[in-house]
Amino acid sequence: MKNEIHEECGVFGIYSTVEQPLQNSVYYGLFSLQHRGQEAAGIVVNNDGVFLSYKELGLVHEVFTPSILESLGKGKIAIGHVRYGTTGDNNRSNCQPIDVNHVKGRMALAHNGNIVNAHQLREELELKGSVFSTTSDTETIAHIIVNERLKSSSIEEAVNNSMDKIKGAYSLVIMSSTKLVAARDKHGFRPLCYGKTEDGSYVVASESCALEAVGAKLIRDILPGEILIINEDGVQSITDHVGKASRTMCIFEYIYFARPDSVIETHSVHETRKEAGRLLAKAFPIEADIVIGVPDSGTDAAIGYAEESKIPYSMGFVKNKYIGRTFIAPGQKAREDKVKIKLSPIHSVLNGKRVILIDDSIVRGTTSKKIVKLLKDSGAREVHMVISAPPFIGPCYYGTDIDSKENLIAVQNTIEEICKIIKADSLSFLTVEDMLKITGKNEGFCTACFTEIYPTEIPRGTVKNRFELPLSKSKTRFSKIEDEDIRL
Amino acid sequence: MKNEIHEECGVFGIYSTVEQPLQNSVYYGLFSLQHRGQEAAGIVVNNDGVFLSYKELGLVHEVFTPSILESLGKGKIAIGHVRYGTTGDNNRSNCQPIDVNHVKGRMALAHNGNIVNAHQLREELELKGSVFSTTSDTETIAHIIVNERLKSSSIEEAVNNSMDKIKGAYSLVIMSSTKLVAARDKHGFRPLCYGKTEDGSYVVASESCALEAVGAKLIRDILPGEILIINEDGVQSITDHVGKASRTMCIFEYIYFARPDSVIETHSVHETRKEAGRLLAKAFPIEADIVIGVPDSGTDAAIGYAEESKIPYSMGFVKNKYIGRTFIAPGQKAREDKVKIKLSPIHSVLNGKRVILIDDSIVRGTTSKKIVKLLKDSGAREVHMVISAPPFIGPCYYGTDIDSKENLIAVQNTIEEICKIIKADSLSFLTVEDMLKITGKNEGFCTACFTEIYPTEIPRGTVKNRFELPLSKSKTRFSKIEDEDIRL
Amino acid sequence: MKNEIHEECGVFGIYSTVEQPLQNSVYYGLFSLQHRGQEAAGIVVNNDGVFLSYKELGLVHEVFTPSILESLGKGKIAIGHVRYGTTGDNNRSNCQPIDVNHVKGRMALAHNGNIVNAHQLREELELKGSVFSTTSDTETIAHIIVNERLKSSSIEEAVNNSMDKIKGAYSLVIMSSTKLVAARDKHGFRPLCYGKTEDGSYVVASESCALEAVGAKLIRDILPGEILIINEDGVQSITDHVGKASRTMCIFEYIYFARPDSVIETHSVHETRKEAGRLLAKAFPIEADIVIGVPDSGTDAAIGYAEESKIPYSMGFVKNKYIGRTFIAPGQKAREDKVKIKLSPIHSVLNGKRVILIDDSIVRGTTSKKIVKLLKDSGAREVHMVISAPPFIGPCYYGTDIDSKENLIAVQNTIEEICKIIKADSLSFLTVEDMLKITGKNEGFCTACFTEIYPTEIPRGTVKNRFELPLSKSKTRFSKIEDEDIRL
Amino acid sequence: MKNEIHEECGVFGIYSTVEQPLQNSVYYGLFSLQHRGQEAAGIVVNNDGVFLSYKELGLVHEVFTPSILESLGKGKIAIGHVRYGTTGDNNRSNCQPIDVNHVKGRMALAHNGNIVNAHQLREELELKGSVFSTTSDTETIAHIIVNERLKSSSIEEAVNNSMDKIKGAYSLVIMSSTKLVAARDKHGFRPLCYGKTEDGSYVVASESCALEAVGAKLIRDILPGEILIINEDGVQSITDHVGKASRTMCIFEYIYFARPDSVIETHSVHETRKEAGRLLAKAFPIEADIVIGVPDSGTDAAIGYAEESKIPYSMGFVKNKYIGRTFIAPGQKAREDKVKIKLSPIHSVLNGKRVILIDDSIVRGTTSKKIVKLLKDSGAREVHMVISAPPFIGPCYYGTDIDSKENLIAVQNTIEEICKIIKADSLSFLTVEDMLKITGKNEGFCTACFTEIYPTEIPRGTVKNRFELPLSKSKTRFSKIEDEDIRL
C-alpha cells in the first residue's frame, strides 16, 4: 500500500562550461522559485562525476547556509528542487532531488508534477525485487528510468523509453555524470523552460523568473513531450513524444501558482491576471468606491479590474511583512484569527466605502469570511467579493493539492450560498469561458479542478489512499492556506 | 566618554484589570510595531510587584518563542520595546525595557527617542557615584527618574520632576509596581497614543496600529509634555509641561517611519502619503505611461500620484517575500546587488514604457541608481524618479539615524547632479512647503533633517562622538538601508 | 563504483507484548551503546505495520529530543542504531536503520559489521535494475534480503536464504510488520545478545549493557550463524548456519570496543581487561613507584597490573569531563595539543615517581608521545608504557576502522623504535599468546589486525577503494582518535 | 527587598605584555574552572581602554563559539567568570563579569563568594540614588568600589577603601582601563592564586589548575586581605588588610569543590582527599573485599582508603560519559532514576562482595540510597558507606549553596538513622577532627557547614530571603545534585 505524495514544486538545473560553485546559481534559482514550494529544498552538484548533495526541510535560505553551500564544492552541472509537501521530520526522506546509484553510474532527478500510475508502476517494480526507500512518486520515476538505462546506451534514450510508461504530470530535470536532461510530459501539465546566460551556461527551470535570477535569458519553453539534452556539445532535443497528446497546461499556474514576473508559453503571468481582472470588470460591473486586492495574490487582478471599471485602485490593507513561515501566534484567540495578525485594514481608506475586493480563489471560505468581516469592522459600507477564477469543484491529480470534494465550498453550495456564508454583499467568480481568454489562446489548458474534465485517466485508488494512509500527514495545499488563513 | 546610541524604536504598555498572560498582548503590540525596530525586542511583565523580563536581539517572533512567553507568567501590567540600533552580540545589554531596582521598589522603562543632554546628565550622575551598565541614553533617563523618585512620593511625581532635566526627544512607557505611566517630551518629537480594549484594559503605544493589534480603540495621542498615569483608579493626567514648548512632531513619521494604517494626531498616515503623491503630481506633472512605487514604502504615494495625474498605477516589481532579516546572499557578485535579488521587475509592464518611479527618500543614492538600472534593463524607455520628501541635508538628533552630512548625497550635490548620478531621466523632490501640507496643518513639525532648523540646542559633542566612539558599531539607519539596498 | 563505508556500530531491537512508546526503550539502549558509534543515531518504531522513523547525525541525546521521541508515537516493535562513520552532512543518507518498502510490505534493518563481498553483490543487483540511494553495505544487505523475500514465505526464510550470499561480518537486527529478527554471521565477528525484561519484552542488542539499560536480563548471545525470530508466539531460532564456519569473534571487542560492564559470551569485559593487566605484570615486571592508566580505556588494565605487581594504582590525571564531541579548541597552539586540554596530570602524584602507564593501543604513536611528555613535564622520573594489546600490523575488514598499513606505527617500526619515538623509558605490548588467554578460552577469536590471519577472503578492491573514492570522507577510526588525541 | 544570589563560581584574569586575542587564554582558564560553575560564562577583553564583553548562560565551550571569541578582538588585559547560580533565562542579567561605566572610566569585575552585608550596603546605596539592574551581590560590590573610586586616585585605592565595607567572602578579579587587580577578603574564604607564563604574562585564578591550563606556573596564593595590582610596572601588593582577621578558608574546597590537580595554599587537593581516605581507613576499619568510589568525586578518597586498609581498590561502576548538562531522560520512570542511567555497576566486580563505598558527602540521602540499591541489585553482599566529610548541619553564607537546615538529612537524623534510610550495612563519616588533619595544618579553616561555627556575623534576613524572594528561582547547589542524582 503506497503513499504517493502530491505536491506542487519547482525544479532548476544548470550546465556550465566551466567548473564553478554552481550551487550558488541553483540557490538563486530556487530562491526565486520559493513560491512553488516552501517545505523543503535540495541541491545536487556534479563535480566531474562525483555528486555532492544536500536537502532538508525548510526555506531555501534556511536550508542553504553559507557553510553548507560551501561544502558542496564546485561542478559543471547542478540541479535543485523546492518542494511543497507534507510537514514533519519523518518525511525528510522525501526531499528532492533524488540521487541514486545504478550500474552505469549515478543519476539525480528533480520532479514537479504527479504521476497517475505510480501505484501500478511501483507494484510491478517491487515484484521484480525493487526496493523503495521513500514514499514519493519521484522515486518510482527514478526506478523506471534506471531500469530503462540498463537497456539503453544513454540517459536520454532511457528517459525517452520511459515517457510512455510514466503517465500524468511531470516536468523533470535530470543530471547524469556528464549531462543535464530536461523532460516534460506530453500534456505539458507543468511549465518548464530554458535559457542561456551571457557566459554560455544553459539553465532549465520551472519558471522564467528563475532564469532571470541567474542572469539567463529565456530561450523558450520545453515542449510538451520534449526531452532536452545539454552537454559539452550544446543543446539537443528529442521530440518523439511531442504532439502525441493534447496540450493541457495547468491554467491555475497563470491564475495563482506562478510568479507575476514569469513568462509562461510567451504569456506574462502578471498580464494574464490583470486581464482576468479586466474580464471580471466587464462581466460583473459593480457600483463601488474602491477596488482593493487581497495581498499579494489578488493585487494584479485588482489593478486590472480598477483599470477597466475606472473605480480607483486602493490600498485596503497593510500586510505584516515580518511574519515568517515559522511564525507562531501565542494565545488561543490569536491562533484562531491569524488573518487579523497578517492583514491590517486601513480605516481611512475603507471607512464608509463600497469596496470591491479581489482574491484569486475560495477553497473552504473560512479566510474569505474573515477578510470580509475585517473590512466591515473597519467601516466598509459594502464588500463585493470578486474571484479571479471559477469555483473549485474537483480535486487535482497533476501535482497540486486542490482539495478533495468534501472540502470544496463550491461543491456543496451555490455561489449565492457561499456569498451568504462569507457575509459579502455580492460574490462573483470568473467564468470558465472568460478564464480561457486570459492568455488569448482559448485552448490547451487543463481546467479539471474547475470543470472535472480530466485530460487523463484518474489514478487508481488515489483518493482512497489520501485519506487512509497513516503515514501521509500531508494536508492539502489549499486547506492549509485556509488553516493558516492567508498565504505569506 | 559616553556612547549615546541613537535609535528609532517602538514602545508598548498595557494595564489590565485582571491578571493574565499580558506578555501575549505585548507580543502582538510589538509585532505590529516591528517596523520601528528590528534589532531587538523585550518584554517585562509585572506580576504583583515581581517583574519577569526577557529581552534579546532579534525580531519579536524570533525572540519570543512560545516557551519564553510562557516563562513570563502572568500579570496586570506589562511593557515592551522594539529597538533599532546597533548590531552585534556585545550590545545585547542595550536592549530595552530597562528594568531596575531602587530603594522604593522596582521600575521598568521603555524609550523611543534620543535625549540631547545625555552626556551632561550622565557626567553629573557619575560624579555622584552612579554606575552605568549600558551605553544607552535610556539608562540615563532611568537614573534621573530614580533619583527624583527618592525625593518624591510617587513615580508620576518623579517623572514630572524629571521632565525639565531631560532634554530632547522621548516617548516613555514606565512601569512601577502598581502603575503604568506614559510620558512624552514637551516638543512631542515622537508619537505616543493610548486606547482601551473592550474588556477595559488600557494600552499605550508608539502608534495606533499597535492598539488595533490588541483590539483596543484609539482614545487619543498623549499630548506633548503630558504624563499619563494608569492604575486601578483609571487614567489620570499631569499636564504641567503641556504647552511649555513648540510642538515639533517629526514629520518623517508620516513620510516613512510609521505604518500606513496608523493614525497619528488624527491623521491617517496612509492618507498623508497619498496626499504627498498628489502634491507631487501637481507640482511635477510628467508625461509618462505608468506610475510605480518602490515597494513597499513608495506605494502609497504612487497611488496618490497616479490618482492625481490620471496616469495608470502599475505593478512594476515583484518583491521577493521570502527574504528575511537573516538572508545572506552567497557569492561576491550577488552580495553587491541585493536590490536585484529582492526586486524583480515585470518586463511586460515596463517594456517600452515611460515610467514614473515613486520612492520616499534618497540618502546616498546607491539604491536609487540600482533601481533605475533595473527598470531600464527591463525595457523602460524613461525613468522619472519622484521622491515623496525633500532632500536630506542635516542629521537628526531626536531618535532617528538620518546620517551625518558627509553621507547625504543632497549635501554635496544639486538635484540635477543627483539625477545624473542615479541615471534617471528626471528627478523631483517634494518641496518643504508641500510637505508641510500633507496633514493640512502646515505647522507643528520638526523638519530639521530637511531644513537644518533644530527645535532644541544641538547635543554637545554628539557628532564627534558618533565617529570616535570605538564601542559604537552602530551604522546609521539610512546608510544601513543603502548598504542592504532596500528595506524588507 | 561503490563506497562501502566501514564502521563500528551498535544495534538494538525490542519486541513488547503491549503497545507503548518503545522509542524510549530504544533510546536508553542506544544511549548505553553510544561508545560503539557517536556519529549518528536512528530509531524506527513499528506501530501496527506503520513504521515511523527518525535518524540524524549526532549523539543519541542530541538527535532524540523529547519532541522527536514523542513524534514517533507508539508500537510493539522498534529497532535502533548508533553509527560510527564518516562525518559531514552529505552522508546523512547513510544513517541507519535502513527502512525500505517492498512488495510484501515494509522492512527496517540495522547492521553492525562489514561485508566483504558488498562490491560483487551490488554489481549483480544493479545489473538486474536495482537502484541504490546510499553508499553503505547495509543497503546491499537489505536488497539481498528483499530479493529473497520475493521468493520466500517469511522474513526469516528470506534472511536464512541470504546468509550464504552475504559474506563477512554482520550482526543484524531486522524488523518486519510483525516480527523482530536478529541474525549473526556464521563467524560471529561482532557480538549480539538477547534478553528479557520483567514484563516479558524481548530485547536484542550488540552488548549486554544495553539490556541492563532497559531492565532486561541477559539470556544468552545469539550464536554465530543463528537467526532468532521474535513475534507474538515468543522466540524461535533457525540454526541452519550454526557451526558452518570457525568462530572468530573480534578479540578487540574485549580489549577496547565493548563497555567494561558488558558480558560477551559469558566473559565480563572488565575482567578480561584486568586479566590483560595481570598478564602484562607477569610478563613485564617493571621497577616502579606507581601504576596509572590512560583514562578511561587504560584504567581496567592498570588496576589489574597494579594488583598483580603490588605497585600502587594511582590517579595520574584529571580528565576534563566538560569536553564534548563538539568541543572546538580556539587558537592554533591549542588545536595542536588537545591532549593537554583533556588530560591534566596531577603533579603531587607524579613528581619524582617512576610511572607505569597503561593504555590499550598505539596506532600512530602521536598521542602516546604527548602523554609521555605530559607526565615527564609533571615531574615523572621514568615513564614505562605498557599496552594491553599486541601491536597493530594489519587493517580490519570486519567492521572496525583499524587503519591501513601505512598509518600503523608498528608496521614500520620495531617496538624499540616506537619506544624511542614516543620517548618512553620502556615500552611493552601484550603478546598475542597472552591476549588469547584473557578470557581463558584461547581460541575462537579473530586476531587479524595483530596477526594478519584473516578468517575470510579479503574483500576485492577494498583497500584501493578506501583511498580513491571521492565521496568517502571517512577518516578511519583510530587515526581519528590520534587526530583528536584522546577519546572522550 | 533584595535578592542576594548565592553561588560558587570561578574567576580568572590575565595581564599580557603584548596585545593579543587574550580571550583564548581566558577561555582555557575558564574551561579548567568549569567545575566551579556550569550555569554561565563571561569574558571581558580590554583593548586599550575599550571593553568588549560577552556573557551568556551555558558551559564555556557552548557560550564561546569560535565566532564569538573572534568578535572579542584583542587586548592586553582580560578577565572571565564561570558561574553556578540560578537557572532560567530571566537571570541572564546576573551573568558576570559585571562591566560598568563610571565617571573615571570603565571597570569590569568578577566575583567568587558571597557577601553577608549585601542587603545593608544596597539599601544605603539606593538611598543615595543608586540604581541596580541585577539582583546579585556582585553589583553591590561594584557600586561600593565605584563610589570609593570617586574619592580615590586609583582603582587599587578604591578597592582598599572598600574592603572594610564589604563583609563576607569575596575573591575578586577587577579590570580597569590599565590594570588588573585581584583581591581576597581578609578571612580568605575562597581560594585565589596567581602565576606567570613563560612569556611574562601574569595570570590570576580561583585555582592553580587554571594557571596550568594557560601554561602559567603558580607563584603563590593571594593572601587573605591582600590586594594585588598588575600593570605595566609589574606586580604590586597592598597588604593593609592582611592579618586583620582569622584565616578561615573553606575546607570543603579541598573535600569537594576544587579540582584534584589544583594546589591550594601549597596543598595538593588530590593528596588531601587521599589523606581523608587514609584517615577514614584508620578510624573506621571495615572487613570487606573491595573499596570503590562514587565517580568521580569519591575516587581520590577511595584510593586512599584502599591504600591504608590494603583492601583492593576496584572499579565498581562505569559512568556514562555521554551524559551532558542538557541530557533529558525521556519517560517518567527514567526521570525518577537518573542514577541508574549515569552509573552502571559492574556485576563481575560486585557480585558476592563486601563493598566499601566512598563518597564525599550526603545531603538529602536520596542519591546514596539509590547507589546502595544499585550495588545490592548487582550482587554486593554488604555495602559499607564511608563519607569523606562530616555530616552537614548548617547552611553556608560564604558562596556555596549548602542547603538550609530542613533539607539536610543529618540535621534531623542520627548517623544510624541515615544508615537505615539509605539501606547501607554501615555508614561512617569523617570526623571534624580528622578533617582538620587532611592538610596537616589543623587550623585556618571555615567549617561552619559541619560545625555551625560561623567566622562572621550571619547575614541579616538571608535565610528568610532565600525562601521568600519570588525572583529567586535558585535551587541550592546540593539539593540540585540530589535532584539530578549525581554530578556529571
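A, B, C and D are the chain letters, set down in written order, and residue numbers restart from 1 in every chain.
Rule of thumb we're sticking to: a residue touches a chain if its C-beta (ideal position, glycine included) is under 8 Å from a C-beta of that chain, and two chains touch if they have at least 3 such contacts.
Predicted, not measured: the structure shown is a model, and the values here were computed from it.
Under the contact definition stated at the top, no chain borders both chain B and chain D.
The chain with its CA mean position farthest from that of chain C is B. Averaged C-alpha coordinates put the centre of chain A at 47 Å from the centre of chain C. One finds 60 Å separating the Cα centroids of chain A and chain D. With centres set at the average Cα position, the gap from chain C to chain D is 38 Å. Annotation for chain D: no residues touch two or more other chains. Judged by the touch criterion defined above, the protein chains form a single closed ring in which each chain touches exactly two others. Those residues of chain C lying in contact with chain A across their complex are 2, 47, 50-54, 68, 71, 88-90, 93, 98-103, 123, 126-133, 135, 142-143, 146-147, 150, 470-471. Put simply, chain B touches chain A in their complex at residues 21, 23-24, 27-28, 31-32, 34-35, 38, 59-61, 64-66, 69, 209, 212-213, 259-261, 263, 268, 270-271, 296, 299-300, 303, 307, 312-315, 317-318, 320-324, 326-328, 330-331, 334, 341, 344-349, 488.
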